[in-house]
């Protein structure tokens, strides 16, 4: 049995690298390490409560870390600050990773993480606005993120605010028609303050996307819908940070960052296997995964 | 007041040019003329009952005529023949034109046309399967056609039948997300027995598509979703006939014929004006429209 | 009470036009209001707002799911969005958006459901909206409001916008008689007794209220004195009023332009079965699709004629004995 | 009657596994059956059919609207499609497809709504399906069937496929006790009296039937003899049986894993308010969203414990007097 304390894998209070600061090697190392530590937290959360989604949480570790510990202009002490950047985890099932990021970012106590999906927890099975500080809108049913973020970006434009809207999408998720409705609308309104990040891990719930619902040519799809496309290695922290910055420089159209990632990233037996979409590990699997991730943290430590 | 008899603008029983016959000049002339006569029927139906959609009916006149009087392998005497080609008018609001084509094709008495949208009529405001022979599925709520026709094409493949599925789409209609869900699925299952025809008239209900919801680059959108695209002048009967044939020769992927058309085609004051999407004409407008269309028939008569 | 209802009724006025005007007034009064439509702004008359406040108007094309989701995003930015499309589309095509973000997420978005009931009569059953009340009513946190005439549209819309949280405002397309006078002061959540009576209570909403008032005159002539209640708010239902009517009149009739399953009739039956079991006769569409045709003819043919109300009231009274 | 219900209940069996097995048997019996899923075939267990009949199985990705529409196209070609996804998605995301093509168009498509009620308990309120019965029930031409245990799944699925027209088959995700013995022979449209009693009738469906049988034992101990009715078909409702129970026992309790608005309770209240007004107490979720947590704990916390049924029955009996 894991105690609540054990979850604190980064005992020092985490450094925030404010938006606009240079992407120094130290910062990249710090954020990369942190992303792996978040994977460990997620692993513990899902293992302890025997429920949750590991695969798609692991694939967005670097993306969420880059957003919450550098790129997003948010204030955990004032989560309703009107000019905060807006973030939507459209692939809501990956919320264990978001909860880890939010907790360490200061939105709520890190101790709460281990209550994930239990009765009376503030951390629901999928993101929930009322219970969890830092969540803008619920998610879980896939497909909403593009259109919602478009609405957020539209509101920012009306307010002549510099705030931006960010949305993280799953690749299976973009099978959903409402994604393309939102894509058309964002292009119509030239929402260059909207950045989508596609977690292009090539796997959805029941198998590889190429088998379940082929998506190639992915960049052409978004381009033909009026979006600017940036392709990036989604586990390379520096590239992710740079891509997020680059998106701010695209004018007159929304941007999608197609992040090439691996589902279950970091744990060899979980990678690319849709079994790990929504299954909790056994204790042996937990130990193996933990040790692999800890070794990986160790490699960044050097 | 128009009597029921007056609707019969083609008194001779219409020639059917069976599928596979050569697209002779006589056939093209006959079908072109017939399409204009159908416009006259539609005009009368909408005028008499003061309700219905003219603009989008006029833009598909040649397409529906080509399909029902040549291309489709159907048998009005046996509307449930299992191996009939399947046709879905996804932009169901244009059904006045479909009803005209079905009536003259022999599915039900031509006299019934003038009962359009009245109580107890077999001709509902939007297509209805139970009441109207020749209708495969209801339509009206936009967006269903691609996915439904994909299901029809899939069934044909399972049965190893040569029957094909056809669907006519509006350009405004393809704003709807479910269109793109269906497009992905049709490509996944390589449904080369599915032909979509996009009535690309550039106008939707509240204005030009470029203003309401821009769709360009249209061909790239469909290509990036895995479809073969044929572009054609949608009021040029020979080109429409040829494109429908050409679609049969594309293997391994579904085909969309992007038909460049004009909303309200054939009546100068109706063309390209979204006002004529769903408004019935006054008596003066009716007379003016009728005379312009009759002159046009006359030109083909020579 | 006589001042609430106008006798004789005023000339018919277009409900959608009244709605467009109310929207424009609101646009003036409240700068945070934004209006969205899904390529039907010339049907639902939200286009009247667009003409005057183009910068606060968004036409998202034929994309009802995105319509609601974009509104959710705008609400997150502090706007008060009023999303417009056909009632049946909110209640079906965009329902997951409504459930997840408006009801569960409690986004402050208002839905103006145009062409409700059979009012888009000629377009036929694909466009009729005969189950929207059942669908919206079952969603937690949803408020469901149904104006009975053009005056009600004007009086209710500002309240809807002032309310925090999602509201479904169910609108008729057509010209309907003005039944309310200046004394009509609806408050969301409170039913209104339009006429007193002790033999039976007729509870109705929307354009059927006028038909109930007509039915009341027939009933009085045949010796039945009905109480007439206008239930402009279907959810939250005025349970106290419903129970009191059951206690005081011993029988109820519900009248709605909707299926007899799941809507007002069902809401009333739920309450009185719990608090004061009395006969409830439900007037509405008998769980079937209608057809294309003229509006008032459809109402008559599909179980919502004045006479249908009269007969239901007679049956309700007769059932009291047993 | 004792043979219908097994006492003590059998060991818990996974409902979704029972469903997968029933689907496979059906695949053998009927070549015209095709199965579709929307990227959740390892959740809804339609994947068991895929394993054996891959050529008759279609995974359309995360596209529930296309799922239903493609099924409509297949039905048009003479197949009998069984579409599979989460119950809440049929009842919201794909609802317009369901309404327009299955109900209005009467396409012969079956919907297997997985993870219904609170049974996808840990995924939380976004995935819970607490209004699907209200939504499906209000649609004309829809048949709504809710199996109470794994045996019922096996017995009902073939009937559903034999029926011409759309059916919504509401399925629990989890392991539930086997309550029925071999004598259980459900017929769609007919409720079943599982236990006789004269003081009150408890009408329930789905996994709550087991809890009602447990509640009955408690009630008998405290001197109340409840009649227990299993209403596996919510629509068309067995009105005769409901009315007879009202007449013979004078009070009713409805029990469902669903909001108390619009579902079984509402259907029963509609009927008895019309035919035989008696107290009806509705057990279910009190018009709110639940939360994440273990399944049985959620049922207990959100108003569907055995004790909630007992208390409702006591209240119903007490209300008879008044």
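In this document, chain identifiers A, B, C and D correspond to the written order of the chains, with residue numbering beginning at 1 in each.
Operating definition for what follows: contacts are C-beta pairs under 8 Å (C-beta built on N, C-alpha and C of every residue); 3 or more make two chains touch, one makes a residue touch a chain.
Please read all numbers here as calculations on a predicted model, not as lab measurements.
A.B. asks: Determine the set of chains touching subunit A that also touch subunit D.
C.D. replies: The common neighbours are B, C.
A.B. asks: Could you state the distance in Å from the CA-based centre of subunit A to that of subunit B?
C.D. replies: The mean C-alpha positions of subunit A and subunit B differ by 45 Å.
A.B. asks: Find the geometric centre of each of subunit B and subunit C from their Cα atoms only, then give the gap between the two centres in Å, rounded to an integer.
C.D. replies: Distance between chain centres: 36 Å.
A.B. asks: When the C-alpha atoms of subunit C and subunit D are each averaged to a single point, how far apart are the two points in Å?
C.D. replies: Those two chain centres are 30 Å apart.
A.B. asks: So how far apart, in whole Å, are subunit A and subunit C when each is placed at the average of its C-alpha atoms?
C.D. replies: The answer is 42 Å.
A.B. asks: What positions in subunit B touch 2 or more of the other chains?
C.D. replies: Touching at least two other chains: 128, 138, 140-141, 143, 175-178, 181, 184-185, 188, 213.
A.B. asks: Going by the contact rule already set, what residues in subunit C reach two or more other chains?
C.D. replies: Counting only residues that touch two or more other chains, subunit C contributes 60-61, 63, 65-66, 88-89, 92-93, 96, 100, 104, 125-126.
A.B. asks: Mapping chain-to-chain touches, which pattern fits: line, ring, star, complete or other?
C.D. replies: complete
A.B. asks: Flag every residue of subunit A that touches subunit C in the complex, lowest number first.
C.D. replies: 82, 86, 128-130, 136-138, 140-141, 143-144, 147-156, 158-159, 165, 177-178, 181-182, 184-185, 188-189
A.B. asks: Which residues, counting only subunit B, touch subunit C once they are in their complex?
C.D. replies: That would be residues 49, 51-52, 92-93, 117-121, 124-126, 128, 138-143, 172-173, 175-177, 204-207, 212-213, 274, 278 of subunit B.
A.B. asks: Name, in rising order, each residue of subunit C that touches subunit A in their complex.
C.D. replies: The touching residues are 34, 55-56, 58, 60-61, 63, 65-66, 69-79, 81, 96-97, 100-101, 104-107.
A.B. asks: For a test of understanding, state which residues of subunit A touch subunit B in their complex under the given definition.
C.D. replies: 143, 175-181, 184-185, 187-188, 213-215, 217, 220-221, 223-226
A.B. asks: Mind pulling up the subunit D residues that touch subunit A in the complex?
C.D. replies: It is residues 37, 39-43, 47, 59-63, 65-66, 88-89, 92-93, 122-127, 291-294, 297-298, 301 of subunit D that touch subunit A.
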